[in-house]
Amino acid sequence: MTVVRNIDRAEQGSIAKLQTFGVATVHEAQGRRGLLAPYLRPIYAGARIAGSAVTVSVPPADNWMIHVAVEQCREGDVLVVAPTSSSDAGYFGELLASSLHARGVLGLIIDAGVRDVRDLTAMKFPVWSKCVSAQGTVKETLGSVNVPVVCAGASIHPGDVIVADDDGVCVVARVEAMQVSKLCAEREAKEAKVRERLKAGELGLDIYGMRDKLAAKGLKYRDKE
Amino acid sequence: MTVVRNIDRAEQGSIAKLQTFGVATVHEAQGRRGLLAPYLRPIYAGARIAGSAVTVSVPPADNWMIHVAVEQCREGDVLVVAPTSSSDAGYFGELLASSLHARGVLGLIIDAGVRDVRDLTAMKFPVWSKCVSAQGTVKETLGSVNVPVVCAGASIHPGDVIVADDDGVCVVARVEAMQVSKLCAEREAKEAKVRERLKAGELGLDIYGMRDKLAAKGLKYRDKE
Amino acid sequence: MTVVRNIDRAEQGSIAKLQTFGVATVHEAQGRRGLLAPYLRPIYAGARIAGSAVTVSVPPADNWMIHVAVEQCREGDVLVVAPTSSSDAGYFGELLASSLHARGVLGLIIDAGVRDVRDLTAMKFPVWSKCVSAQGTVKETLGSVNVPVVCAGASIHPGDVIVADDDGVCVVARVEAMQVSKLCAEREAKEAKVRERLKAGELGLDIYGMRDKLAAKGLKYRDKE
Amino acid sequence: MTVVRNIDRAEQGSIAKLQTFGVATVHEAQGRRGLLAPYLRPIYAGARIAGSAVTVSVPPADNWMIHVAVEQCREGDVLVVAPTSSSDAGYFGELLASSLHARGVLGLIIDAGVRDVRDLTAMKFPVWSKCVSAQGTVKETLGSVNVPVVCAGASIHPGDVIVADDDGVCVVARVEAMQVSKLCAEREAKEAKVRERLKAGELGLDIYGMRDKLAAKGLKYRDKE
Amino acid sequence: MTVVRNIDRAEQGSIAKLQTFGVATVHEAQGRRGLLAPYLRPIYAGARIAGSAVTVSVPPADNWMIHVAVEQCREGDVLVVAPTSSSDAGYFGELLASSLHARGVLGLIIDAGVRDVRDLTAMKFPVWSKCVSAQGTVKETLGSVNVPVVCAGASIHPGDVIVADDDGVCVVARVEAMQVSKLCAEREAKEAKVRERLKAGELGLDIYGMRDKLAAKGLKYRDKE
Amino acid sequence: MTVVRNIDRAEQGSIAKLQTFGVATVHEAQGRRGLLAPYLRPIYAGARIAGSAVTVSVPPADNWMIHVAVEQCREGDVLVVAPTSSSDAGYFGELLASSLHARGVLGLIIDAGVRDVRDLTAMKFPVWSKCVSAQGTVKETLGSVNVPVVCAGASIHPGDVIVADDDGVCVVARVEAMQVSKLCAEREAKEAKVRERLKAGELGLDIYGMRDKLAAKGLKYRDKE
């Protein structure tokens, strides 16, 4: 079991841009990749973050390594916690949040449970978790910090960019962050034009030129008998 | 694969009444029928709608037919989307919502995922869905519009009335809308009287005359030993 | 099938203290016991209650015994409803809530569905339930009131103290209420000191003296290659 | 609540043919429609049936109407049981199976639980169910027999043909049974030829002529670096 | 954390009778109580056991206490393992089974995972579990042996009788074992007569005299239009 | 979207050894890593395989890329199929199995559905899948072959060794295959000795020397009151 220090992080400008685009746009812009499973939900609505992943591989119902991971976090990071087998225990609460908050960490992604959600909401420390659970954990077994993990079905490497908002959580590979942020900008520009036309009452069928392709596939229209 | 145009809709007065009664009352008034599975949840609290169903049968993770369905919607409709096999992809976001909104559509019922929930909430475009998911979809395979569908375990025909609120979603057959709205009014009148007596401290046991029936079934009372 | 009257309740002072500590602290203070399964969720955020359990064992999709149980409730109680087999029906709505509210009951814990959640929220009558469902129930089959039940995986006896907040629901044995409230106070005092140090930037690794134990277990640190 | 007698059934020759083709072929041949949700599983491997649906709409955890439905069954029928809200109770066991067996009924499809599976297996009375559960049911509330139902997500009308095997359960509309059985035969003939070529080592890529279409979509091949 | 030695067990004659009746009959005979949740499934078909519960409360993903519990088991016992929070780890495999087998233990009930199922099947050591999982566990945290537990939703005390077969698992309170076995015998005698009449083609509607009650509730019969 | 040809595979001797040890031993020997989620289950009992992973990333409910992947498979390989979003469609049946069988492929691991399970069982072509489902798929959208995938929660690279048996599925990194097979042999040798002692009635408590550590942690023994 290992703790890796001094991981590489993406350039801050790209991270900031990814935050403004949000999960759906980032996911689409990078080719519909990187989405974590939709059972991860925010504990309160409205939070939007993007930051560098500090990853933690933890045993089921044992949060010892989260204490170890705190030391490896710095301002702008997002903690990503993945149990080695399924757990709905409450690994994380307001004491750990206070500690991360003091270090400038932006939020937590955890494929398990979280507690003290009233306090976390009051502190505006956002969490995306599998469930809310007060179930206590132990501090007995080692895990690893800053190793590759699978969290909610997505492969995440330390230093990858985590984008999270009300739609869920998406990961962008560290080395692709700049490229993806550019693709996001292009996508948004394109969508802005479509949005105006849709609001004005034009149909997607016409804007996207779908009618011929639909007819070619064999779509038939008929009136109600 | 077919698109049916010019479906029949229920009379607007009945729809408006059903909206005021809400899901629980409508479900009870029509004999405890028509409820969609409770895993369909609103993306934000407080929305209450009733409208005519425009139904869409879609392939898993393919939202092409929703674009086709938009054209068949008119003011006061509710779009009902049912995949042909289980999917948690994000079929619907703010662009499609803008388009539906421009046509006066009241909301979306979808047995799959939805995304851009922050934007949809800001627009006040209500959605009842199986999950929130940013997972992108393709536009490759045909489906049908305005055919009977099974959505979240309930059979829905085009033009049926959809009632949805914080309790979930209920369907009323088009031809029964007026009759059900009358039964709702009767139920509400009856409940209003019971409510006052309960608030005044009377017991349901007495108001509903349950004591004799309970005794006849064999219910025993005893003090704690 | 039996209704037990005149159950013993915990002393009110202890109950009041448990309410202030909340679910996570109570659960930890009593040795990580007593938590109900995390699938029980509040219908609205922010409610915090503690009260004496009036338990109801109900048949699936039959809410008759809840009407019977209302009479056994008094001010400061919490109704705890457990079906004998799995059900997601909507056993409880605003009429029953009005009745309980008139008697000073603090809230409902139910391992099944609840409806009229908009009204319940407006009334500030909190409910922790497995789901929201408008599905109507019948009144045909007896159950029991104030017998031991298993609710959401936890064994609950009548008169036990129920503590519930945004983190979920915890049960404290009636005779242990005073002792547990003392342990909670000790825990909170201890955590208050830790909290200040964490906010000041100290690490849990140092505050809790974990570094030696981690090293002894074999944890290795290394820099990114 | 109603019992409909003397329902129409499909012609026996078509039913017999559908039985030989099995679920996957029937489902494909009718345009990928009619499959019940895959959580319905056979209680033992190897059974293959096709017969006319006698449908039963039952309350949760109440099997009274199954007794009513038995009388409406005749040789070659398949009983289809759908609760009005979710239930995992054990509605059906060896006594009911003995009664159906005596009438020549071929099997049971139930979106709920079944028990006595050891006896049912010994009797060779096949069941496709949501779960195995010994949970007893009551006989208190009416339902309906031979009305349209939604069972495991599929809409089923009385007299429709039910095809079930180790792959699950599929429904064929009564009036389409003959046409679907013809389409199945065509599909099987076509697949038989493909099967021989595949067994001989030819690739589907070549047999189906997929290479050009894949290239046109942009698929790239490259060697491992 | 405590290990209780020398627990009381039910009288062996009653246990032997309960084994012959099986889960469904025992569950019904004791008033439809005592069934464990149906997600507990046997790892192979055909096993039928009844024995005295030795209970183990274990931490999530930690099987240390099972080793402790083995020593408390004697011939004719059934080991019952309940994690304090949800786990799907593989707590138990062929080594532990060999140890229990050597002591005459009849089988294992576990609300978690089990592994080495091929070996356990070959040994004819039956297990009813939540899942099959090879996930390894640790030996770090204490639990308790022979304390009351909630296992798969049922409350089980040490020395209670566990009955398990292909239908699932049922618990009978130790002091009720003799009485329940008598009720089972009565039930079976009654069912034997009904079975013969059903096999001969009589209807349950007539045998149980249901027709009048159904009519009184309002059931209507009509022919297909 | 890319197909990678000529991937590296592990040395055949190591693969053959891993096959003999089975999933539980391999998982433990490599430090409790590499297990796929336990919801993947074999379609029939008794199969035991180990082979080199040919990975396929597929769109939901679209099996086109499996046809592409077949060409990349050679004798001794195991096909690993992971949808990009959750799907329970039936991607794979006996035609594809015939094709793989002709090429010497050992089996299929798929985080989705499979059909024709009767035929696959008769052919002895083993599959570990999320579900059995006849739901048909389309051939419209590209994916990739021999790229890293996450399958059932585990990260798998092309050429990694897949070990599967009745306990589930485990992955061993290609470059670690030899080392892990040695560790397995050591583990088995050690377990063989323990097994004999356990069968002879010795307790794990004594064999593993657990009594002192348990006492040190505070475990108490007491007799039943």
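So that you can tell them apart, the chains are marked A, B, C, D, E and F in the order they are listed, and the count of residues begins at 1 in each.
Following the convention adopted for this analysis, a residue touches a chain if its C-beta (ideal position, glycine included) is under 8 Å from a C-beta of that chain, and two chains touch if they have at least 3 such contacts.
All values reported here derive from a predicted model rather than from experimental measurement.
Asks: Keeping to the contact definition above, tell me which chains border both subunit D and subunit F.
Replies: Where subunit D and subunit F share a partner, that partner set is B, E.
Asks: By the touch criterion stated at the start, how many steps lie between subunit E and subunit F on the shortest route?
Replies: Shortest path length, in steps: 1.
Asks: Does the subunit D and subunit E pair touch with the same residues on each side or with different residues, judged by whether over half of the numbers are shared?
Replies: Counting which numbers both chains contribute, under half are shared, so the two copies meet through different residues.
Asks: In angstrom, rounded to a whole number, how far apart do the mean CA points of subunit B and subunit E lie?
Replies: 40
Asks: When the C-alpha atoms of subunit C and subunit D are each averaged to a single point, how far apart are the two points in Å?
Replies: 42
Asks: Starting from the mean Cα coordinates of subunit A and subunit C, work out the distance between those two points in Å.
Replies: From the centre of subunit A to the centre of subunit C is 30 Å.
Asks: Where in subunit F do residues touch two or more of the other chains?
Replies: In subunit F, the residues touching two or more other chains are 32, 35, 84-86, 88, 133, 135, 141.
Asks: Going by the touch definition at the top, which pairs of chains touch each other?
Replies: A-B, A-C, A-E, A-F, B-C, B-D, B-F, C-D, C-E, D-E, D-F, E-F
Asks: Under the touch definition given earlier, write down the residues of subunit F that touch subunit B in their complex.
Replies: Interface residues on subunit F, with respect to subunit B: 59-61, 84-89, 133, 135, 138, 140-141.
Asks: Which residues of subunit D touch subunit F once you look at their complex with the stated criterion?
Replies: The touching residues are 22-24, 27-28, 32, 35, 38-39, 41, 45-46, 48, 165-168, 170, 191, 194-195, 198-201, 203-205, 208, 210, 214, 217-224.
Asks: Name, in rising order, each residue of subunit B that touches subunit A in their complex.
Replies: The contact residues of subunit B facing subunit A are 1-8, 44, 64, 67-68, 70-71, 88, 90, 93-96, 98-99, 101-103, 113, 115-118, 121, 131-136, 139, 141-142, 146, 158.
Asks: Help me check something: in the complex, which residues belonging to subunit F touch subunit A?
Replies: Contact set of subunit F toward subunit A: 32-33, 35, 37, 84-86, 148, 150, 153-155.
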